[in-house]
Amino acid sequence: MSKDKRYVIPGDIITTGPYRPEQNVILDGNKMIATCIGLSDITDGAVRVIPLTGRYIPKGDDLVVGKVISHSAMSWEVDINSCYLGILPASDVFGRDFSSHANDLTEKLSNGDLIAARIVNFDRTRDPLITISGRELGKIDSGELIKISTTKVPRLIGKRGSMIQMIEEATNANITIGQNGIIIASCENPDGLSKAIRAINMIEEDSHRINLTDMVKKMLESSD
Amino acid sequence: MGHNSVIDQLKKNQIIDLLNEGNRLDGRKFDEPRSLTIDTNVIPKAEGSARARLGDTEVVAGVKVQVEKPFPDTGDKGMLICTAEILPIAHPSVETGPPGPPVIELARVVDRGIRESGMIDMKKLVLVENKAVIGIFSDNSVTDHDGNLFDACSYASTAAILSSKIPKYEIKDEVPVLVEGEFTETPITTIPISVTMARIGEHIIVDPNSDEWMIMDARITITTNSDGNIVALQKGGGDGFTYEQLVKCSEISISVGSKIREIIKQSTQGN
Amino acid sequence: MIKLGGRDTDVVLLDENGKRSDGRTVNETRKVTIKAGVLKNANGSAYIEFGENKILAGIYGPRDVHPKHLSNPDTGILRCRYHMSPFSVGDRKNPAPSRREIEISKVIKEALEPAVILDQFPRTVVDIFLEILQADGGTRCAALAAASVALADAGIPMRDMVSACAAGKVADTVILDVNNEEDQAGQADMPMGYMPNLKKITLLQLDGVLTPEEYKKCVEVGIDGCNQVYEIQKKALEEKYFSKGDQ
């Protein structure tokens, strides 16, 4: 491991000196302290910790997969596998002329429906707003749901999408990756589907391995 | 229960489609329970204990033995009481506070199944007739919830009781006095095994996991004893069973029950 | 029979060779093992065996607060429930929460609050559930140590871990890590919770009588015990998260 990267747990002193504390790092005097379990990284005068565990925290523009769990007169509440519930306003689906008298929310989405959505904004003072109007967003009608840790999503996507592309090409599966760790995989070929699911589970189990890409490639190319 | 009890439609449709093809989501056969592991003596300070893992559901049962005043109308019999608690670590939807109706039902069904089977010869638990008897308590703590707590608690308690020992008491002037370090065998007459089945549409499946539990139409828990007789029964859930389905369930509970009985016997051998 | 300032006992709490009733020396803790990530549903969890104590810790959160009036618009909050299973103690315990359990729940929560950072999670709660499966003296310290590991396992941001151990006094001697027998028949029991990097004591209680000198010694000895338990906490997290690598 490069000498700048180190495994840390909460309370560990990563380094001392004139650095900027960033993600998951706090400053105590001149000490940079890790606040979560992860890999510390010192780059460009900033110290951060890449977390190995923890729940999804919504970020604007993130694609997420959520489950509708209830609704009020004006919006749906969506479980986005986070500390907060996502709010999908009725006007997002019905348009600006939406009227709670004329339109019944359950016509479009009912409890238990899965949706691919984007986080519109999240400033922590209110529950995050989400939208399903956009390309490739909306109700999910088919596919299999796989849950992984949100911290493993970058590994599943890979550098510039290289890992997920490799899996999709090898299996012909269509894979929707929610930043919140919820993945939907669908494929016409059941063997392709099962291989894709195995690849996703492999990445979650073995994300720490340097040769992960080769391991996944090998599994995808094998005939069983 | 909070939003963790809304099942996703995709999965519900998947389960039903698979059932119509004769398959279950986790690949089990309709009459196949999940894998069961029993570890005994996990709480050495208790008089008996067991941890049961039924798939991803996990329960720890501990047996405590105490001298009790007998019930007024059964002065010649000891006492056996089973309880159950779903610990809040077991599932995000579990609320703390006094137990609600589902937990009370769970405890009472587990208790009846074991007690009504006559598992323990209560007449052998008398110390001073009408004054002092042995009370055996088996308390179930559910530590991880993935469906079918009825069977998981029942198996944990049964194994804990099978591997338990009763402290020895001497009677001096009509008062029981504990003899430190000496124990007697718990008087076991039969091994009750509960089998819970769910009805989803026309299909009857054994040992529903939490996904199947959430979409089932009705459920039934049937307890049988070592002779293959039915000793306790509880139907639950929002819908009903036909006569034919009930007969089928009773047959399944006897055949699946005898297999589980072997697993529990093996795990408590040498105790 | 030996009178030792506590209850009369015929157990020898400290013999002429400096050995305690369970064979330990005065500065030795009982055997401690911790495993992180043992439950399927909880967001974070840990199982600890501290001598004969067996305790499960489970964390849910940060998550929605119910009832809503408990939620804080500026920060997340901590909730803690310390609970003993009926079979965990010699005389079977009623499952309903006792006043002792309620007090211990509060004291443990306050021991963890200085460590957790929840201002980035307004209107949420982090629920800490501590289940005592078998008790043998010092459960609150063991539970606190497990809670800290479970919080880290759940990814809850913390400025330090919180470790815990008790000091005490038997036979007029300050000892480390009081077991059940020593608690019943000894002269003092001082449970402690400690943040090992920030060097702050966040849980401290005393049951018994200490001279000012003995008090200072107990605190020192307690800190030493906490540092020993901290090494076990680190090991538990390293085993789950760091040891699988080819690095």
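We call the chains A, B and C, going by the order they appear; numbering starts again at 1 in every chain.
Note that in this section a contact is a pair of C-beta atoms (placed from the backbone, for glycine too) under 8 Å apart; a residue touches a chain by one contact, two chains touch by 3 or more.
What you see is a predicted model, and the numbers here were worked out from it, not measured in a lab.
Participant: Farthest from subunit A by Cα centre, which chain is it? Let me know.
Facilitator: B
Participant: Could you compare the number of C-beta pairs in contact for A-C with that for A-B and name the larger?
Facilitator: A-C
Participant: Just curious, how far off is subunit C from subunit B if you go by their C-alpha centres, in Å?
Facilitator: For subunit B versus subunit C, the centre distance works out to 32 Å.
Participant: Mind checking the centre-to-centre distance between subunit A and subunit C? Centres are C-alpha means, answer in whole Å.
Facilitator: The separation of the two C-alpha centroids amounts to 35 Å.
Participant: Report, in whole Å, the distance between the mean C-alpha point of subunit A and the mean C-alpha point of subunit B.
Facilitator: 39
Participant: What residues in subunit A touch two or more of the other chains?
Facilitator: 85
Participant: What parts of subunit C, by residue number, touch at least two of the other chains?
Facilitator: Touching at least two other chains: 63-64.
Participant: For subunit B, jot down the residues that touch at least 2 other chains.
Facilitator: none
Participant: Over in the complex, which subunit B residues touch subunit C? Could you list them?
Facilitator: Per the stated touch rule, the residues are 2, 42-46, 49, 56, 60-64, 66, 83, 85, 87-92, 96, 98, 137, 139, 141, 143-146.
Participant: Give the list of subunit B residues in touch with subunit A in this complex.
Facilitator: The contact residues of subunit B facing subunit A are 3, 6-12, 14.
Participant: Subunit B touches which residues of subunit A in the complex?
Facilitator: Per the touch definition, subunit A meets subunit B at residues 67-70, 77, 79, 85, 110-114, 140-145.
Participant: Flag every residue of subunit A that touches subunit C in the complex, lowest number first.
Facilitator: 1, 7, 9-13, 24, 26, 28, 33, 35-37, 51-55, 57, 83-85, 124-125, 151, 206, 208-211
Participant: Over in the complex, which subunit C residues touch subunit B? Could you list them?
Facilitator: Against subunit B, subunit C makes touches at 39-42, 45, 52, 54, 56-58, 60, 63-64, 66, 81, 83, 85-92, 95-96, 127, 129, 131, 133-134, 136.
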